[in-house]
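The chains carry the letters A, B, C and D, assigned in the order they are written, with residues numbered from 1 in each.
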Amino acid sequence: MTHVKITMAQALNQALRDAMKADDTVLVFGEDVGALGGVFRITDGLTAEFGEDRCFDTPLAESGIVGMAVGLAMNGMRPVVEMQFDAFGYPAFEQIVSHVAKMRNRTRGKITLPMVIRMPYAGGIGGVEHHCDSSESYYAHTPGLTVVAPATVADAYTLLRKAIEFPDPVVFMEPKKLYWAKEEVDLTESQPGIGTAVVRRDGADATLIAYGPTVPVALEAAEVAAAEGRQLTVVDLRSIVPFDDVTVCAAVRRTGRAVVVAEASGFASVSSEIVARVTERCFHSLAAPIRRVTGFDIPYPPPKLEKHQLPGVDRILDAVDDLQWEDS
Amino acid sequence: MTHVKITMAQALNQALRDAMKADDTVLVFGEDVGALGGVFRITDGLTAEFGEDRCFDTPLAESGIVGMAVGLAMNGMRPVVEMQFDAFGYPAFEQIVSHVAKMRNRTRGKITLPMVIRMPYAGGIGGVEHHCDSSESYYAHTPGLTVVAPATVADAYTLLRKAIEFPDPVVFMEPKKLYWAKEEVDLTESQPGIGTAVVRRDGADATLIAYGPTVPVALEAAEVAAAEGRQLTVVDLRSIVPFDDVTVCAAVRRTGRAVVVAEASGFASVSSEIVARVTERCFHSLAAPIRRVTGFDIPYPPPKLEKHQLPGVDRILDAVDDLQWEDS
Amino acid sequence: MTTVEERLLPSAEPVRLIDQDGVFHDHPSYLKPASDLLVDGYAQLVKGRRINDQASALVRQGRLAVYPSSHGQEACQIAATMVLRDGDWLFPTYRDIVSIVSRGVDPIEALTLLRGDWHCGYDPYERNVAPQTTPLATQLIHAVGVAHAARLKGEDTVVVAMCGDGATSEGDFHEALNFAAVFKAPVVFFIQNNEYAISVPLAKQSVAPSLAHKGIGYGVPGEQADGNDLAGLLAVLGQAVEKARAGEGPQLVEAHTYRVQAHTNADDAGRYRHEDEVTPWLDRDPIKRLEAYLTQEGLLDDAVKQRAEEDAAQVATALRDGLMPEPVVDPADLFEHLYTEPTPQLKEQAAFLRDELAREEA
Amino acid sequence: MTTVEERLLPSAEPVRLIDQDGVFHDHPSYLKPASDLLVDGYAQLVKGRRINDQASALVRQGRLAVYPSSHGQEACQIAATMVLRDGDWLFPTYRDIVSIVSRGVDPIEALTLLRGDWHCGYDPYERNVAPQTTPLATQLIHAVGVAHAARLKGEDTVVVAMCGDGATSEGDFHEALNFAAVFKAPVVFFIQNNEYAISVPLAKQSVAPSLAHKGIGYGVPGEQADGNDLAGLLAVLGQAVEKARAGEGPQLVEAHTYRVQAHTNADDAGRYRHEDEVTPWLDRDPIKRLEAYLTQEGLLDDAVKQRAEEDAAQVATALRDGLMPEPVVDPADLFEHLYTEPTPQLKEQAAFLRDELAREEA
């Protein structure tokens, strides 16, 4: 009802706050999430409001943080943990892959782990090495995890609320460079849930498939393309696992052409999966092979060079131009 | 020259032995690789032959093992470490992703890490949970790593020798269920190097693309298909990174149809990448979308159920049947 | 030396109340457990031994895929559960089947993992026994979470978290002890130091004075005990559990024992140790010595012994019978238990498999 | 208490030779470093302080992206390198720029990472300084590998591996200490305990009596020192390096110091600590106290002081000048350094970027 103009960081903070209010078992912890409110201030004020038992700093050890969340979830809590940067989630990889992802399966559903692992991820913020990784493909490849990435302020709120309410573990990828993006939003407005992609813009000529930080870039590219006379559909995945085949394939079938836009290195990634599964399902609707605009297969570059790694409007438009229009 | 009938395990052992003989800086270490010779006996006899300084047991800590290899490689050694099972490589994930893969890049080539991480991987051996993972996609997605998987006894020898000689870090995926596969081989015979795929069988109708444990299955499927009148090409990737686009695309263009066969779960995996990149490159040669026969997107099942997870001959042939032959 | 160090460092020698000849010795810090506890423990040891040996036999017969036996470590196995109350939690490893069963889990369910029909076969909440864990030391930090949750809920639960000597080298061991200490979580970390991690002897695993000496680095009291002396273990673990329950935070206990058999049936211990090394440990057997003590003290009459034997025979029969029929496994289970609500992708894949199986049957 | 424990546990109080008033006190186990060492150290401290403050100023001017200052920790920074010989190795963290520069690395090259033009800007082999490491504690185990390789080659190299108090909580800290101990690797682990890990105070990081008490759990001698007393640090670290070089295996040294400024310029320390807490530490400043001592002893004449000031001014100028021009970065570098021989995929991608850039220019 009430529209407010807030940043994605504020929306995430509000989501945590509201979730903690709604449910006493929601616990927020990690490195520097207490007094400091997190290095990105996503947990700002939560310790003050809910006390040290509900929002607290831990020792500096990510495997410990995730492992402790597993134990807390086994015993009735809903932990929401923060990896300070997604690359610092790697020390917790064994816990995530061998336990978080497998516990329900291993115990035939006797143990469920309603927990959220929040990961500030991706680049575009001038961060030094290890601060701009895009690690979603590791988690998306791991059966048992649910992997979500908001691209709008409203979705940041909704998806985090839904992730916390979700009965199973969710890896929640937060596009750092959108933390400060502001939008006029009504947080009480209901948004689609986990597992649903959303068409952010409609256009008949080709489809851009994006998630997280590349959604605004794709929209910008669509804007430019429209000015140049080409109408692009933009699909925001929102949820990587589960994947919304229905929405994505409908858009691709309708447009006959598609470009996947993702910041992560392309090789053996979520973007590979999108190309593969959409091609498998929509082959005969395709006028051209689906193109990918992704990060190169290199470690994330230092700040002074990061612009070359990031999918930008021009690169997207070039890829669209490349979709063999002369054939059609 | 001299043909010997040996198992893949013996070939790997011989490769280590010959590499250690050829180069004093080659060190072999890990859990139980000393007196025991490794749980799969791949390091059998090396401590006895080369002494405790060259082949040794470490404390039980995979991050430590990989991290120590990084340091040894920085200071003139060529470490070859064993992760006892690939799922026990996850504790070393941060070391692998943030250091092994990035060290050369980070230092502009000043530090190179000539090291090999051996990973017994994949299933089909009746192993309990955590003993049958196929984790190659995690590594293939990580820029800076070279990822190799032998499928034949001769390749096990050759590729391991070449991996040890390689100037950069190699993740060496050993298909456990092939350890006991015997072949008549001449180890002195030169084989193609890292980065080269090999056509194991030629056929005009469709191409099966496989690596590691699925290569023999693909060959068996091709045999059955031939009996049924369909000629299949079988490409053995051997090297996942770098990827041999030339050989793979040539085969797919020639046959117009393809099926990727891999044991790992399909979502956001090496098999997704193969479908994506081959489709991107060979779209207009394709009579049908490339199909995947992979593990389901589930944790590796317990022994009594694993047969359902493994790509088998029937599933491959079904996929081939599915390649829209009626259209052509 | 300050009192902090006296409080946190272990006894100079492993606590032992009953020696290998069955003779009781007074200890300055630990009392003798009540006689009925020891008699009960004796019966459990006999049963535990029988489980170990029956399970190993079933492996040889192909009824179990693999069995990591705790033969010779039964005093640790039994003590770990005897000190717990009903609401407490046990976090076992793959080697701790005897503990799991002595906690009341159905032995057939407990053996599901090692039989190969599913991963964890029992309901962890039924007896508060966490799923057996294979990735080493990873369960220790889960134990901290469970313990911390209990305290947040105002419950006085204690968690016993088990691991081996080898597992202490993993980073997760470190993180678990530190988290437990910082959060004052009521966890008793219980290391069964059986001198081997598969083939790797303790000397290559650690050069610390003892593994119990690791406690002080976290501000956690460490103690060491003779792992083949049930009386000493009950005293030490009992005190540790009491302190944890009283809010004194985590405790670390190292039991010095020995892996008398190979790592599992698949292992060949002859490749890395001499039989000579094993022999003296047979004399330190936990059952023998408790039997000697109880007999001397007149606590072990024939009736008790017979009941113990009968109980053991019964569980052995239950194992043999329970593992006899081929287990019924359902391929649909592969997709059922991954998410509360299967993803569309999994539903598709489940349908694919159903269809495939239907065609195979047809 | 046995002698093992006496050998491995740290002194009851942090070793301090010169107190905060500049007064020297005898210590039963450590000798006063030679006067010329202290005078040299003084000059280095002054230079180190200047590097810290100049770099912070350059951040404010936008010439550096970020700077984690070691202002107030310069005694640790300088001591860590003063105890090393040429062939030895230093493993620094992101906060150890002053150490790196004092080891002889060009300051501009050392700041490459924090400037954002490349990751590591210096040749690690030139002065045997490992690349600065951000993922916490991961470098400690590399240090063990480098040290072990040296011993295999018969070299008497010693490695000083640095980390913060927060980093000691990571699993890799544990694995590194244990590996070093088991392999008797000549590594001196040097913890700068500055009481904070970003906003998290030591009390939430560890409840151990001291971080130096972690040593005994690995069989590694632990020692603690006043981290703002260069004399004490030189004595303690010097002895540790000597012992490591002599083949006595790894050593653990904890320096008690304080992070006087925020974590980095991007941090707001006001959110988690009172200024009151900082004030007393200003009186414990490492430079002040050494200056007081040297002056009292008549070791610090004006000439020395002036030379120190001039050296410091010179490095500050070098920093300002060196960071003035926009760095030249080459996009081709993105693909060049990943593999000795770029993969076909990278060659394609490099060509794509070259083409894109050419079109942009056109």
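Here is the rule we use: a contact is a pair of C-beta atoms (placed from the backbone, for glycine too) under 8 Å apart; a residue touches a chain by one contact, two chains touch by 3 or more.
Which chain is which protein? Per UniProt: A, B = Pyruvate dehydrogenase E1 component beta subunit; C, D = 2-oxoisovalerate dehydrogenase subunit alpha.
Please read these numbers as outputs of a predicted model, since none were measured by experiment.
*Asks:* Compute the centre of every chain as the mean of its C-alpha atoms, then state which one is farthest from the centre of subunit B.
*Replies:* D
*Asks:* Per the definition at the top, count C-beta pairs in contact and tell me whether A-D or A-C has more.
*Replies:* Here the pair linked by more C-beta pairs in contact is A-C.
*Asks:* Quick one: subunit A and subunit B, Cα centre-to-centre, how many Å?
*Replies:* Result: the chain centres lie 31 Å from each other.
*Asks:* Would you mind pulling out the distance in Å between where the CA atoms of subunit A average out and where those of subunit D do?
*Replies:* For subunit A versus subunit D, the centre distance works out to 36 Å.
*Asks:* How many angstrom lie between the centres of subunit C and subunit D, each centre taken as the mean Cα position?
*Replies:* Taking the average C-alpha coordinate of subunit C and of subunit D, the gap between them is 43 Å.
*Asks:* Roughly how many whole angstrom separate the Cα centroids of subunit A and subunit C?
*Replies:* That gives a centre separation of 41 Å.
*Asks:* Of all residues in subunit D, which are in touch with two or more distinct other chains?
*Replies:* Those would be 118-119, 135, 169-172, 174-175, 178, 182, 204-206, 333, 338, 343, 345.
*Asks:* Find every residue in subunit A that makes contact with two or more other chains and list them.
*Replies:* In subunit A, residues 58-59, 61, 63-64, 87, 90-91, 94, 98, 102, 105-106, 129-130, 143-144, 241, 243, 267, 296-299 touch at least two other chains, as defined above.
*Asks:* Sort out for me which residues of subunit C touch subunit B in the complex.
*Replies:* Residues 65-66, 113-114, 116-119, 134-136, 166-167, 169-172, 197-200, 204-206, 266-268, 271-272, 327, 329, 331, 333-335, 338, 343, 345-346, 349, 353, 356, 360 of subunit C touch subunit B in their complex.
*Asks:* Okay, in this complex, where on subunit A does subunit B touch?
*Replies:* The touching residues are 63, 87, 90-91, 93-94, 97-98, 101-102, 105-106, 129-130, 137-138, 140-141, 143-144, 241, 243, 264-273, 275-277, 279-281, 283, 286, 288-292, 296-299.
*Asks:* Looking at the complex, which residues from subunit C come into contact with subunit A?
*Replies:* Residue positions touching the partner: 118-120, 123-125, 130-131, 135, 138, 140-150, 152-153, 171-172, 174-176, 178-179, 182, 333, 336-341, 343-345.
*Asks:* Can you check the complex and tell me which residues of subunit C touch subunit D?
*Replies:* 1-2, 4-6, 8-9, 12, 169-175, 178, 181-182, 204-209, 213-219
*Asks:* Quick check on the complex: what are the subunit A residues that touch subunit C?
*Replies:* 27, 53, 58-59, 61, 63-64, 67-77, 79, 91, 94-95, 98-99, 102-112, 143-144, 146, 167-168, 195, 241-243, 245-246
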